[in-house]
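You will see two complexes here that share subunit A, one where it goes with subunit B and one where it goes with subunit C.
On to the complex of A and B.
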């Protein structure tokens, strides 16, 4: 203590000021030098490992960034969008989606379908990337694996239309009894549990992809964990995967439709979640695609970048916990929340991102109905705001629950800027209009999912993306038996109509059943629909032939190509 | 030598002349602190901050949690004139079948007023189009440039109107409309119109927000004055000044209470160790070393669990406890060192020889002489505690929504740093100024309280 004070006691003289200035100057010089060296080191190390340009004409490669490391590349277990996107580029099911979102032949060359099942004829020129042919057995093996209770696949339910699939998943039937049989190497016979009008549309989904049994066993449980513990039958193959850093796709020369693939490689040179950092990479011509958010939108506008819009097909909603021990199981309380629910305010004033549509029904506007769009044919109920009535329902709820004051509601939400903004908006809305206190429980995705499964919430902000192009991908979400129905909403009437729509092959009957479902969900306040998600992004105009779609592989680079300089 | 040689001297007390009045230790320190302009200014800044935090809300009576979604991310001293409007859903316009061979929509124009509630556009149809795409740009599009943000689409060549409601700010926009062909591609020519948007609110909203008392006192088209937001609003339209005041209370509470408690704990612990000395001192100080090695963040989380702080509840209490329980060894070490030194001083020896008892010895002679060090430790601990709170709230472990603290406000503001910098700059400025002021004050106190550094000695 005393040592330090002695020096400071001297009055600041001119000479010491000089000295200070000199030290400052030296320090500054040193700092600048350090920065320069750091810059040199990073540029040096980056040059060796990464292609420096977004579009590389010489190697016919484009560079992209992944928002997160793919959590699961085993197609029987994958649930997330990043894994699904990578699997879609590297694998192929019996069918796949074409450029105009129509179903086109994939591994299956042709097929005959009727109500009870069908026969699929596999192509003779389909090979895995290690040279072994893709056979009907590969499909049977993959499906049996996904249904095996030990696999614990969250997407097992998507295989349930196949005969005996449900029983196998519950462990009651032997996997060998599955209604999918390899007649010979190139003929696959599928028997259905009951008529399923949308079965063909399911076949392009990752859970329906084949897996080579011999290779799967050779990986000792490490299937899909590394680039070399996977074999590919799609347009691309993963040649390099540095976990949490980068991933590289190269053209699969053994793919049957290899002439269609025009890029030699797609380099996911960056894995980063920060939106601003991603946009910086785009701005410096390091990557060809970057998503925009409401915060960095103005920057893109001021730079006069070409901004594009895409609707990814998902619907976001507040899922309400209907378990009997929760206060939200009270109808009047839910009704009070519904009567102050204002999706357009949320979309236009809080989320502020173009493309988002105020939500009204669990069925998004783009779904097909009998002839046209489902929602054009069956518009469904609308949210009507009535604060006075809301307060009446709240008073009834308080009386029914036998409390003086409602305990705080727990709003479970994600831990990201958009979720935070949204949660704070609802917290204030319910406090101001209804006097309900809200506690916001922010959790990362994995923990949120865990809490959703165990029911530790009153209300959770959730979303659902379509798996296949049929109303049923949203329609069965709130059936009592669906494991993705996290609020445990159970309504026999809803179940009955879902069953009708599942087994009927009459489009009008199916759509009417679905209309009943959206009406019932609204009347009973099963959920509060928030918005249909849209996104805006910037992408390099030199890359052409990229397909965006709401259902299936998105964004689809399988037909992408680099426009030549002259076209540019 | 006779007796006459000696003369009794007169009693003269004025043997030495006092050059300056007698000053106590604290008076002297105060004088020197006042002479230090930097430290003295800092003292006023700190007092100002305290007044801002405590008395501010009494003067600035705006609810820090109140959201005004009509005025989100408003810059400081934004326009206060609001046009009163009603919002009626708009059916849109359907034109007749298009004639002619124009590629660009003709006569793109505005319907009604362009306000922050809505902007309605209508245009002439384009033959052979499947629909129209509407773009919005914040700077004037140059020929050949992208038209800006794709804000919407219409279907069919005869649906020739669009209503924009998406986050419209009171400024100028350039709206462009392009027809879409069969393949979903844009036609080559666009129509563009510049729109100056006026700030508006609905009468019902104005009553709810308290801008006006009675809905009937205004009619559609009137202009009313909305409350001033001197520092602007945040992304949910909450008043920044009110939130900064709320944040100041949290930050300064943690920043002052936590150091106060742990410095007291440190003084007691350190003086016991220093006075008793030898083995006891040894054991006590090794324990202090052990506490220093404990990781703060881990304990913060542990205390959060221990207190049963659930999700969505404030983490301020565990933060306080963790700070106090883990930060005292620094102060204890300093005080122990001082005590060890003072123990050997002559005046302590003298006092002991005169029979002073131990408690009096510690309280009268030792602790007062360590006060300088203690005070300096305290002032230097404050900024670090404020930083800790800001950091923890920044990463989401401190206050929870809707409560604001400077750290959490920085966290919110950093996302919109480029478009609305005021949401980050103000809380960051408050943190910096407060921390700097406490550091300068600590510096000044250190100089002023050190008895060995008196001027002129």
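On to the complex of A and C.
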């Protein structure tokens, strides 16, 4: 039956195929029409990416990709790297970091500081991008807003050196009582809670940027959510922000130091989290910069691109849980882990991404000390591997804990390829060297944070990035009062030295106190430092004058320029 | 007809309410703290945040507040994009996903019907074998592979041509849409091809085709009027859910091609415990899916006169 039908159909299948081809053609025509229509609708809504090259000589513009959409650009509440980078290009505090990472005058032309505070003289030629002058009131307003408990700023703590700041943030003191007063439009007086040697360095941080009160109120709660609900006092201004698609910076002609801005525009034409896709854009000359990871490094090598390295300033460490109900509160167990801890092996044989440095101290190598680098002046203790001694300590730990066999250690870690590699390395290392079983608890970001806060871990792979260029940005991390001390490490001696370094104005005394802290953290095995993170990237060599920093605005394009062909 | 549509719409409203309720309570029991971030904050600040986002009230009370606002068309605030309303996020990003989705579904629909008909026509001969092989590939390879490979092809093509044939990523012109829409529609197209082929072959041996042949209707006419039109019915049935699936499932494609669609928000919100966006997008997509299914049911009656809408 089927056979006869099939047989009968065959001679005419040609005409049927023609019929089908006709339908196909109609379909194709319909599709093209639809495409044209939708294309028109989209271009009409102006959400588009302009098809420019990475470097555009005619318009003096460079094109880049952002890795994520900034959640919002309200400087009192910004916390992430992308927001910080964009704010650094479009806003300016009293001071800013210069090309050689030194502090240079920003909105403040000059200042007189002593132990208890200081007076800042604002320049007369500083304007917001809407033409209103930048005044001392703008700073007072921004700081009071950030400290107001209703704002719920995560970075309020960075303002705490100012008198009454802590009290305001806790809702006990009125914001008007803040130790920062506008004497007149161009004079700002700051009173400190206690001497703070590194206060000037804080002034370049986004939370310290000014906000114009009148404009802020006019946005009716939407400040920083769109390009038009912001005004700018920095080298660039945001002229277009299409959420999750693109963001464009153009030179701010009202910026006081506009002569040093050499690019006319920076076009973040793509918002892309996919590292391979970003590299594809670089490969086709669409963007001037792309970060590399261990997966696509090979491709960059094969293409013989010029691969560059940069120390991004952060330190990664295994944070140990010191809560008394955890076995890791046992010193001998921690000491045993420390005696097999080998950061070089981790960096060179496991992570294998150029740029990472084996870790030794919570204080990274680039931090400044008294005169030179802190770690040159105070090298700190080193990890010495001794398996035999490690096993002795382990035996002592087992006896002290009163168990026959150690229960498995819970290693809390992130859920990404780098974290996986690391966790598996430690699992193998501790099993092989010490016979300790490890249970890896892999969690996405929010879940990991929750477990870190509630203490559901023995060891967690953690990291810390600097906020300002002073040892204190790492130094107080393991003070017992620090909420970011998720392992609840508490040592009165560490606390005492942190307090000294916070309030002393004598650089030598401060650095010695910090040296004691790094020594104590090591001796007590508070943490196991893993590595200082480096990043590897490719960038267009036609763009010059880009500053990379471990702390502060990075990458800094405020002085960048496109090299003319003759300069190449 | 009108009564039927009204009845279906009422059912739809109940379904959406059910989706909203289940999502709300499941979401509040998700592990992970929506307010946790890199920097730890004091109890006081945390309490303030909870108050601002309404998390300080009992969950049942939060539910009633949410439902009341939702009926008024207000999905509330995003937790991550602090100053943006969920309504704005949907308004800004859904059209992009929709455009991509429409193109993908058109590609999938037309492609599926054509390839399916072609394979049935040339059953067990080489066009059939080649296409079915591709179909198996299309069904089994996940979309992120297609997306990555598709983009690599673009890179190679542009580099070989020496100019930009089609852009590698981004959004805004027709050229940006073509490859992402194709990648997005590929899986569905493969699925529809197979469906169409089976349905065509079933109809070849049906009574009315035999009758048409017996009374001497030209073969091409039998093919287009009797076979094709009848075989297309099952394809239309699955088209509705496919439209919703494609429009919501664009996450991977949007991510790789840097397209500002709603799919990214939909997926990332769950990872970030962004309650506002989870609720908003789920309810919105739920309503969208329900609407599509109703539309397809109505369309069914138009194509097949045997179906009566009662």
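Convention: the second predicted complex is superposed on the first by the 510 of 568 C-alpha atoms of A that agree within 3 Å, B and C clash if a C-alpha of one lies under 4 Å from a C-alpha of the other, contacts with A are read in each partner's own complex, and residues count from 1 in each chain.
Rule of thumb we're sticking to: a residue touches a chain if its C-beta (ideal position, glycine included) is under 8 Å from a C-beta of that chain, and two chains touch if they have at least 3 such contacts.
Note that this is a predicted model, so its numbers are computed, not measured.
For subunit A, the partner with contacts to more residues, out of subunit B and subunit C, is C.
Looking at the shared chain after the overlay, A:442 reaches subunit B, while subunit C stays out of its contact range. Contacts of A:307 after superposition on the shared chain: subunit B is touched, whereas subunit C is not.
By the touch criterion defined above, A:366 lies against neither subunit B nor subunit C after alignment on the C-alpha atoms of chain A.
In the superposed model, A:352 makes contact with subunit B only, not with subunit C. Under the contact criterion defined above, the residues of subunit A that touch both subunit B in one complex and subunit C in the other are 1-2, 5-6, 8-9.
On the subunit B side of its complex with subunit A, the touching residues are 65-67, 69-70, 72, 137-139, 141-142, 145-146, 148-152, 165-167, 235-236, 310-313, 334, 337-338, 373, 396, 400-402, 412, 415-416, 418-419, 443, 446-447, 450, 452-453.
For subunit A in complex with subunit B, the touching residues are 1-2, 5-6, 8-9, 294-299, 301-302, 304-309, 344-345, 347-350, 352, 354-355, 408, 410-411, 415, 417, 420-421, 423-425, 427-428, 431-432, 438-443, 536.
Considering their complex, residues 1-2, 5-6, 8-9, 11-13, 15-20, 23-24, 27-28, 30-31, 34-36, 38-39, 41-43, 45, 47-51, 65, 69, 71-72, 74, 77, 79, 149-150, 152-157, 169-171, 221-225, 229, 242-246, 269-274, 276-277, 280-281, 283-284, 286, 444-447, 449-450, 453, 483-484, 486 of subunit A touch subunit C. Taken together, the subunit C residues at the contact with subunit A in this complex read 31-34, 36-42, 44-46, 48-49, 52, 80-84, 89, 92-93, 95-96, 99, 102-103, 106-107, 110, 113-114, 117-118, 121-123, 148, 151-152, 154-155, 158-159, 164, 167-178, 204-205, 209-210, 213, 218-220, 223-224, 228, 255-260, 264-265, 271-273.
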